[in-house]
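Got some structures for you, see below.
Both complexes below contain chain A, partnered by chain B and then by chain C.
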Partner chain A sequence: MAGLEISNVTKKYANFRAVDDVSISIKRGEFLTLLGPSGSGKTTLLMMIAGFVQADRGDLTLNGQTITHLPPEARNLGMVFQGYALFPHLSVFDNVAFPLKVRKQSREEIATKVRAALDLVQLTALADRLPRQLSGGQQQRVALARALVFQPHLLLLDEPLSALDKKLRAELQDELKRLHRKVGLGFIYVTHDQEEALSMSDRIAVMRSGKIVEHGTPTDLYERPNTAFVADFIGKSNFVSGSVVEHRDGGFVFSGGGVRFVQRTKGPAPAIGAGVSIALRPEKIGVLRSGETAENELAGTLTEWNYLGSEFRLVVDAGPFGSFSVSVPTWQSDLAPEIGAAMKLGWSAAAGMVVAQD
Partner chain B sequence: MSTNGFGNISIMTRSMAWLIVCFLVLPITIVFAVSVTDKHYLSLPEQGISFQYYEKLFTSGPWMTSILQSFVIACASTVAAVLLGTLCAIGCWRLGNRASDFVRMLMLVPIMVPTIVYALGIYQFWIDLRLLDSYTGLIIAHIVTGLPYVVITVSTALAGFDPRLEQASLSLGASIGQTLRLVIIPNIKPGVISGAIFAFIHSWDELVLALFIAGRAVFTLPRRMWDGINESLDPTMAAVAAVLIAITVSLLCTDAYTRSRRA
Partner chain C sequence: MSVHASARERRAGLSLLAGTHTRYWLLIAPALFMLCVFYIYPIGRVLWMSVTVPAPGLGNYELLATSASIHKMLLTTARITMVTTVVTLILAYILAYTLVHSSPRTQRWMFLGILIPLWISVLVRAFAWFVLLRRDGLINSVLMSSGIIDTPLSLIWNETGVMIGMIHYMLPLGVLPIYANMRDIDQRCIAAARGLGAKRFEAFRRVFLPLSLPGVVGAGILVFIFSLGFFVTPALLGGGKTLMIAEYIKVQILEVVRWGLGTMLAATLLLLIGGLLAALSRLVNLRKLFGAG
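The block that comes next holds the complex of A and B.
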């Protein structure tokens, strides 16, 4: 198979499992993001792929060949480090030429390839500068060119944009995507920024305490998360739980805190009496005007609000159901929020997402 | 005169500082003054300046032989100390565990133990190994005692070296040898150069070991000065001292220069 296959890898530090029985594969040309909170084991997993950390158990297979015990320099994987790790004593040109020089390629060959790589990241004009004479974004591009110039099997990136300001980040995200389409390599991208993960990836693997909790396309994970953790980590979610009381065509009714809620499902509904949790996105909850009704309704009082230009971000205290975060687009609302005001929240049966509690 | 109290304090600290500088530098300047004396004994010049003792020094066979011997021994022991010390420091840095801290401590023993004790120990050894009064014997002794300087300066340089650069190099396909040669060494060069300079100076003006384990065939410059001072108070000594100081100072300036260029 062309691509990387990770099977059951585990890395223990003393008795602590930094990476715990992880299996996932990445196809050639795919953009896979490892997303997770700090300490979830993303870097450790990436370092195992690169060969800097030895797996205690499990196997890595690259294009059909086992690489579990190969040293890093024999794996032919490009890597972009956090903080870039450019060689400070070498010019931009020599940094990019480095992987070719150690492969003993000829001068002419090196010159042509380095030019092409610098062209790719639009840095041809700065070839003679030293890394310290470059801006953060430019250093980032040099690191990319250097990691791509020797035609690696795969590119590994560990939070490459985390040191940059927001605007530059957005710019470089677009550039990375463009680069990814152009070179057609598999990218494994580590981040703890869920927006970045959603906008860039073909597929996201969400990590928590050393395990991959879920993986799928950005829309899969945002619109149909299977776990409460993912529903809350990718985008925000509100949770309502209760137990199933009735089955209906294409859905079920559950009751919690003395209120009945209807929920639609695609698959089979949970058994009567079973406990169930649904996650609700803030933008899928509406504020009902007097006289308006919805399939699900919940009363509460407004405790906080923020005006964000395009939307109002409200926090509504719904008594036993806890706090709800609700976002209402300003263009379709004549909302005049007032703290302490009574409010009725409403959502459709299709809005909720059934998730496993943890 | 400044009226506030702080002004007075700063004047006081300043004069103290200058006093200390004078205390450190004056004896050295006197050596230079004495070296150009017109008298026949160690004294300050009276009627005029004369370079006769420099002339004497550079035309005297024994002095020149000693200078040459000292130079050869210092060069040889510096090269070896730099090689071994750098590799040792890099090895400890790569391991980065308790054992390597211990090794680093052990490397400092030659500085911590009084040289005279060390010299006695080496003397005993060299008798058995038949290394007394030989180039090899003195060079090895100077390698061992010069090693700590290299280990210290290179370890300091490595503390400021980003270990991700090593990982980057490996991930780009460089072998460990290539990484050492193309990435690690160039980035810790100022530390290696400092270590080399200190090791050189150490050997160049080392007297105690030279007294114990050499004496006839090998007669280093500090050794000849020692004998000269004991036997006759010939002003040539001052000229030798001046040359010695000039070389040491120029080496230290080179060191300061390589550091400042780095910063």
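The block that comes next holds the complex of A and C.
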């Protein structure tokens, strides 16, 4: 198989499992993101793929060949480190030429390939500078060129944009995507920024405490998360739980805190009496005007609001159900929020997502 | 009105400044005084005597070009200094490399081992080498009884002995600058080199070694200059046969009482070291090398 196959990989530090029985594969040309909170094991997993950390258990297969015990230099993987790790004593040109020099390629071959790589990241003009004479964004591009120039099987990137400011980050995100399409390599991209993960990836694997809790396309994970953790980590979610009281055509009714809610499902509904949790995106909850009704309704009082131009971000205290965060597009609302005002929230039976409880 | 006010303020400010200046000078005056009496004045005297004793003129300095015994001594000094510097640097590099790659616990013990000799009198250390290096000393008797050699090696009262003692003395001075520099090398750069296809040794040669060179240059200067004017160890372990410049000067002044020749050599040594430092300061940032800023 062309691509990388990770099977049952575990890494323990003393008794602590930094990576715990992880299996996932990445196809050639795919953009896979490892997303997770700090300390969830993303870097450790990436370092095992690169060969800097030895797995205690499990196997890595690259294009059909087992690489579990190969040293890093024998794996032919491009890597962009957190903080770039450019060689401070070498010029931009020599940094990019490094992987070719250690592969004993000829001088002419090196010159041509380095030029091409620098063209790719638009740095040709700065070839003679030293890393310390470059801006953060430019250093980042050198690191990319250096990791791509020797045609690796796969490119590994550990939070490559985390040191940059917001505007530059957005710019480089676009550039990375363009680069990914152009070179056609598999990218494994580590980040803890869920927006970045959503906008860039073909597939996202969400990690937590050393395990992959869920993986799928960005729309899969955003629209149909299976776990409360993912529903809350990718985008934000409000949660309502209760127990099932009745089955209906294409859905079920559950009751929690003395209120009945209807929820549609695609698959089979949970058994009567079973506990359920549903996750609700802030933008799928509306504020009901007087006289308006919805399939699900909940009363509360406004405790906080923010005007963000395109939307109002409201925090509504719904008594025993806790705080709800609600976003209302400004164009479709004549809302005049006032702290302490009573509000009725409403959502349709299709809005909620049934998730497994933690 | 505002002009007057600001002029007055400025005057007040100036006198305040002058006040701090006086206080500043008062504070460093004792140190300055000591420096003049015990340092600048004697050095001035030495320089002066080198061109006035026994007769005014550059007669003493002519000996540098003509005297065979001075040539021999300078050659010995140069040879011992070079060998000491090179061997010390190699050993110090290996030690510093091991040090930065050890766990913090091992590092503490290694540091203790490196620093303890610094706190022991150089005399004591020289006598310790006697015990080890003598004809019937520990090293020779072990080698003989295990049958590796059948006549004792002459490890002392010659250049070998001087070098062994000096390298031992210089080692901490070599390790510290190299270690300080290596500690600042980003380990991720070495990892990056491996990931980009360099084998262990190649990553060392192409990345770690060049990045550690500034520390080696700093250590080199330090050890070289210290070795050049070193007195006690060569005097004790050389057994009077291996004369380096410092002991030669002592002999001229205290034993044969040729003040002119002695001070001339001292002045030459001073100028040589000053010149070396000046030349090097053009090449590398000395302040940074010795850890200041």
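Assume the second predicted complex is superposed on the first by the 358 of 358 C-alpha atoms of A that agree within 3 Å, B and C clash if a C-alpha of one lies under 4 Å from a C-alpha of the other, contacts with A are read in each partner's own complex, and residues count from 1 in each chain.
The rule is short, and it goes like this: contacts are C-beta pairs under 8 Å (C-beta built on N, C-alpha and C of every residue); 3 or more make two chains touch, one makes a residue touch a chain.
Nothing here was measured: the structure is a model prediction, and the numbers come from that model.
Superposition of the two complexes onto chain A shows a clash between chain B and chain C. In the overlay built on the shared chain, the residue A:F52 is in contact with chain B and with chain C. Touch criterion met: A:F81 reaches chain B and chain C at once. Judged by the touch definition given at the top, the superposed model places A:K104 against neither chain B nor chain C. Applying the stated contact rule after C-alpha superposition, one finds that A:K166 touches neither chain B nor chain C. Under the contact criterion defined above, the residues of chain A that touch both chain B in one complex and chain C in the other are 50-52, 71-73, 76-79, 81, 83, 85-89, 98-99, 101-103, 146-147, 150. Within the complex formed with chain A, the chain C residues making contact are 186, 188-189, 191-200, 202, 206-207, 210-211. Against chain A, in their complex, chain B makes its touches with residues 162, 164-165, 167-176, 178, 182-183, 186-187. Of all residues in chain A, those touching chain B in their complex are 50-52, 71-73, 75-79, 81-83, 85-89, 98-99, 101-103, 146-147, 150. Residues 50-52, 71-73, 76-79, 81, 83, 85-89, 98-99, 101-103, 146-147, 150 of chain A touch chain C in their complex.
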